[in-house]
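Shared between the two complexes below is subunit A, which has subunit B as its partner in the first and subunit C in the second.
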Partner chain A sequence: MRKSDNTLLRWLGLAALAALVAALPFIVHPYQLIFLIFLLINIILVVSYRFVTITGEWSLIHVVMMGVGAYTSAILAKDLDLSVWLAMPLGGVAAALIAYVLSFPLFRMKGFYFLIGSFAAGEAIRLTWNQFREPFGGPKGIKLIPSPELTLPGLETIDLTFPPINYYFLTAIIMALCLWIMYRLEKSRIGLTLNAIHWKDVLAESVGVDVWRYRMLAFVTGSFFAGIAGALLAHYIGTINPDRFGLAMMLYVLVWTIVGGTATFAGPIIGVVALSVLDEAFRAFDQFRPAIYGVLLILTVRFLPNGLEALPAKLLGLRDRLTGGPRTAAERPRPASGGE
Partner chain B sequence: MFELILQTIVNALVASSATALMAVGLVLIFGVMRVINFAHGELFMVGAYAVWYLYAQNGWPFMAAIAAALVVVLLIGLVMERFLFRPMRGNPLGGLIMSVGVLFILQVVAVEFGGVGLMKHVPSAVRGTVDLFGTGVLVPWQRVVVIGVSAVLLILLWLFLHRTKVGFALRACAQDPEAAALQGISINKFSLIAMGLGAGLAGAAGGVMAPLVRVDPYMGHSVIVTAFIVIIVGGVGSLEGAVLAAVLYTFFHTFVTTFYDGTIATILGLLIMLLVLIVKPTGIMGTSEKV
Partner chain C sequence: MKGLGVNRRQFLGGTAAGLALAGSTKLTRRAFAADKVVRIGFLAPLTGEVAAWGLPGLYGCQIWAEQVNAAGGVNINGEPHRIEFSSYDDEYLADKALQGAQKLVLEDDVKFIMMLGGDPWPGVQPFANRAKMLVSTLLPSDLSPDTPYLIAPAEVHPIYNVTGVEWLAEQRPELKTVAMCAQEDALGLPSIATYRAAFEAAGIDIVYDKFFDISTTDFAPIMTAMLASNPDIICLDTAYPDFVNLLTEQAFLQGFKGQMISCTCDNYQQIVDKTSPEFMEGFVFQFPDFDDPAMQQEQINFSNPKAFYETYQSRYPGTWSAVSWEYAAIMEQWKNAAEKAGSVEPLDVLEAMTEGGKGQHVFGPATWWGEELFGIDNALVGDWPVVAIRDGKAQIQEFRSIPAWWDKHKDLLLKHMSDLGQLWDQRT
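Then we have the complex of A and B:
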């Protein structure tokens, strides 16, 4: 297949996806719109989580970073009467700043130590929200967070959280923007360096790459977008508390990302969409949700280590084994780039 | 004031015995299998549930229920090793993710088994109190039992590791699995032993603590946080370090909780752990690891 064809196909695919996202709210049942808004926020969350893991370091602080964005934006908008439009990006900035400060202690560690260290730092932050009633509201958290409003010239002010369709489109636009920025970053020279650090950090260092700086950069960038996701969440549901950003949610993010697969940009998105739709379809079995996630996680790691994104290639491979070899060269499954 | 301090010391001893059992198990598993078992808090929880079900619901003797808790959780550990951790050997992240899966499953099993709403009440097995060295400080016998059972288990473990051939081999595995394998020690067999022992100790810890704590499906969370702090401070891979750190940390935590605030105590504990990770990642008694 020629390169130009590929690009054209990609643009067509993107356009189809955009059309789907735009059409969805008019197809689904109104109450499912709320589910879709959460899904879009979670997509930002898992894509930004994967961005942090590109360098090969798995953190357990990502959901707390989301919380930092949520708390910052909520406090700025509620207690300091800042415009929500300003508070939301500042939520992302606050998460990025905290990530920057934490980079100094955390990136002295690697692997298991980094994982546990990031968990400890995250728990410490989360317990701080729990402990101090001023300004974090203690265990009950913050309530009555203002919602974003839009005033167009010549029209009356509209509340963007009601009806939910307004917030759906706001979230969709912000999500598209976040994803586009992270995608461009990954394809840039920075992204290539991050990948190099994943596979051969000592070698990368020996050719003059400042490994610490690039790890910090991935962590700060991922945390910024997690903060944005948190701010979007806070201003939509209007109430946040420390439990929402606990280990349970972090483990869900981990499951979505791993079940989807981390080798490509689309992997975690596939994971979160597939599992969320599954949740929604089996609402009656809600109390079994963690166990279903647990089983899926184990099966994925055991039998599909590259995640759902590798499923088509795997199925093709299976068919080839049954029928004796791929029919054409183009059908032959390509190894996922950067898969483990 | 003197009385309160003595009471707090007893409470700290109780907490440190359970914590030591947990931490020693985690270190053993990490040492031999290089897997960090995130489900260790849930193994503790299963132990507590076993004692609630057998002792509080079905009238087994307390000690028999604890022994059963140990065996049940030990069996869960063996299954985890054989079917989840073994295929993941050499992939530390894979093992960790497997244990996260087990964590989710065990929580749901506990909810289905005992219901989530009501707190599970486990009455004290031994009633009455003991006057501590004639000072007038009254300590419930139940707390003395916790300290006694934990001490016996830890001593048995120490004797096993230092006085038997299997124990020697196990320690060799923990020190350097590759070199041990070269000496003809079967890593598969000793991974099973380490995981069984580690899980069994967690089950016993949960069982013995059941009358003193809130038994619910999510009780493992605070336990695992404490255990992580302890194994990092003690030095991952050092059993003696784990026990020492368990005592030091729980004394610190119990005193700050009693005289100031529980959440602040945990936050400080987490900060101490971060500090240790930064300044001396090998912990107070660990040795450096080869890359």
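Then we have the complex of A and C:
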């Protein structure tokens, strides 16, 4: 297949995906629309988390960075009467700034030590929200966070959180923008350097790559988008508290990312979509839901150690075995490590 | 299947039996298809750390519904309506609660939603207001002038705790000092404020009074610090069930010989087993067993509490707790109001329930109250039982009036609530 054909197919695929995202609110039940809004927010969260992990460092602070964005945007909009439209990007900026400051102590560590260090730093931030009732609201957090409004000339002001379809499209647009920026960054020279640091950091350093700086860049960029996700969450539900950004939520992010796979850009998206839909589908089982969810996780990790993104290759391999003999290399799908 | 001790044949047989049972359930449902059904939403944590204050409530509601449906259901203008519950696990998260509330209202068409309240409520509030949906909470601190459709008809946590302190002070006037602790959260803060007011009103000195972090797992140092103040009374405030369990165990292990008091003492039998009947003798808390002789009196507004308790205990042994009966008690009030209104529509039921500012609380006649604390009179308050463990079994000692205490000491309570930022206009 020629390169131009590939590009055409890719654009067609994206157009189909965009059409699906645009059509979904008119197909699903109203309550499922709320589920989709949170799903879109979580997609930004996991993709931004993967951006941090490209350098090979896994952190436990990402959900707290989401919280930094949420708290900053909420306080700016509620206490300082700043426009929500300005407060939301500033939420992302605040998360990026905190990440920048934290990168000085944190990137003195690597691997497991970085993981633990990031957890400790995250807990310190979260407990600060818990301890100070002004301005963070203490354990109860912040309530009555203003929602974004849109005033069009000659029309009434629209509250974008109600009906939920307004917020769905707002979130979808912001998500598309965030994903596009992260994708472009990953495909750029910066992304290649981040990958190089992941696989051969000593070698990269020996040829003049400033490893610390690039790790910091990935951490700051990922945190910025996590902050945006947090701001979107805060202005939709209108309330946040420290528990919302605790270790339990971070474990969900880890599971979504690992189950989806981190080799490709689409991996964590597949993970969060598949597991969230499954989780919702098992709602009827009430307290047994986590157990069912857990069994599915174990099965996935056992039979698909490279994540759900490796499923097509696995299925085609199975077909080859059943139909006798492997197909030609040109027919075989690329393994899940191409960064697509 | 070896690890499970089940062979293939047993597994297939079990599966077939399960399918047959599922099929028969479907037939039973069809047989009832002619009846009218009222759906009630149960939106509370069913998994996670706070599930202990959600799941037993759902069990209780299911038993209550079985008993009510067997007796003919809810009678609306002469027509019987069967009660069915739709549950949604809010995981004690505001976003999940919002999602759940929308599902219950828009998909399941529920006429009333019961919540635990607390952190998830602010996520639901705007939607509940828009949908004019009647919602109940177990935590009246969720109430404010902006919550016209939210009611707290079962308990006025933590205000009823004053009855336990007042009773204790009268029974044991020799007790002069108290040490207390609570987790610093939406439950602990108003509860500490209430206990401070109650002990001050009773003339008991508070010699230790500290919050601990909700993520605490080691309670030995906390109990050591409390005992170092040499108190006559240890007060565990409204600690979560696991915390009460661990703190009590620590008090026992560290040789405390004095009086203990707490808001709840869920699964107290386990605590008695872990400590000793002698240690737990006289432990004061606020939630009775429903087989208590005092619960069989005429003023109790709950159908056949003893049968309810016995069914619960046989079906879910060892899980009876403060919330096992509370949601069911709310349903009892809802049923009475719906029958009185001749309608199951939320606003009709709310009007019937609050008519004249008086109502029937589970423990007897009560008043809709709360303006000064919550900014709205949507909390039902009346008598509340003081419970103490006697010979290893919880026994109601007395019903005490919350309004009577409030009339005498409300300035104290308002002061302490205000100090901790717990008045409705202080809650951000």
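The rule is short, and it goes like this: the second predicted complex is superposed on the first by the 314 of 340 C-alpha atoms of A that agree within 3 Å, B and C clash if a C-alpha of one lies under 4 Å from a C-alpha of the other, contacts with A are read in each partner's own complex, and residues count from 1 in each chain.
Note that in this section a residue touches a chain if its C-beta (ideal position, glycine included) is under 8 Å from a C-beta of that chain, and two chains touch if they have at least 3 such contacts.
Remember, predicted model here, so these are calculated numbers, not experimental data.
Q: Contact-wise, after the overlay, does A:A120 reach subunit B, subunit C, both or neither (first, second, both, neither)?
A: Touch status of A:A120: first partner only.
Q: Quick one: is A:G222 in contact with subunit B, with subunit C, with both, or with neither? Answer first, second, both or neither.
A: Neither partner.
Q: Taking the superposition on A as described, I'd like to know which of subunit B and subunit C A:R302 touches: first, second, both or neither.
A: The answer is first: A:R302 touches subunit B but not subunit C.
Q: When the two structures are overlaid on chain A, which partner does A:N130 contact: first (subunit B), second (subunit C), both, or neither?
A: A:N130 contacts both subunit B and subunit C.
Q: By the touch definition at the top of the document, which applies to A:Q287: first (subunit B), second (subunit C), both, or neither?
A: both
Q: With the two complexes superposed on chain A, say which partner A:P25 touches: subunit B (first), subunit C (second), both, or neither.
A: A:P25 contacts neither subunit B nor subunit C.
Q: Indicate the residue numbers of subunit A shared between its subunit B interface and its subunit C interface, in ascending order.
A: In the superposed arrangement, which is not itself an observed complex, subunit A uses residues 127, 130, 287, 290 for both subunit B and subunit C.
Q: Quick check: in the complex, which residue numbers of subunit B touch subunit A?
A: Against subunit A, subunit B makes touches at 36, 84, 87-88, 92-94, 96-98, 100-105, 107-109, 111-112, 221, 225, 228-229, 232, 236, 261, 263-264, 266-267, 270-271, 273-274, 277-278, 281.
Q: How about subunit C: which of its residues touch subunit A in the complex?
A: On the subunit C side, the touching residues are 46-48, 51, 55, 58, 87-89, 92-95, 98-99, 102-103, 106-107, 119, 122-123, 125-126, 130, 184-186, 189, 213-214, 421, 427-428.
Q: Using the touch rule from the top, collect the residues of subunit A that touch subunit B in their complex.
A: Contacts found on subunit A: 58, 105, 108-109, 111-113, 115-117, 119-121, 123-124, 127-128, 130-131, 247, 251, 254-255, 258, 287-288, 290-291, 293-295, 297-298, 301-302, 305.
Q: Going by the contact rule set out above, which residues of subunit A touch subunit C in the complex?
A: 29-31, 34-35, 38, 127, 130, 133, 137-144, 161-162, 233, 236-241, 243-244, 248, 283, 286-287, 289-290
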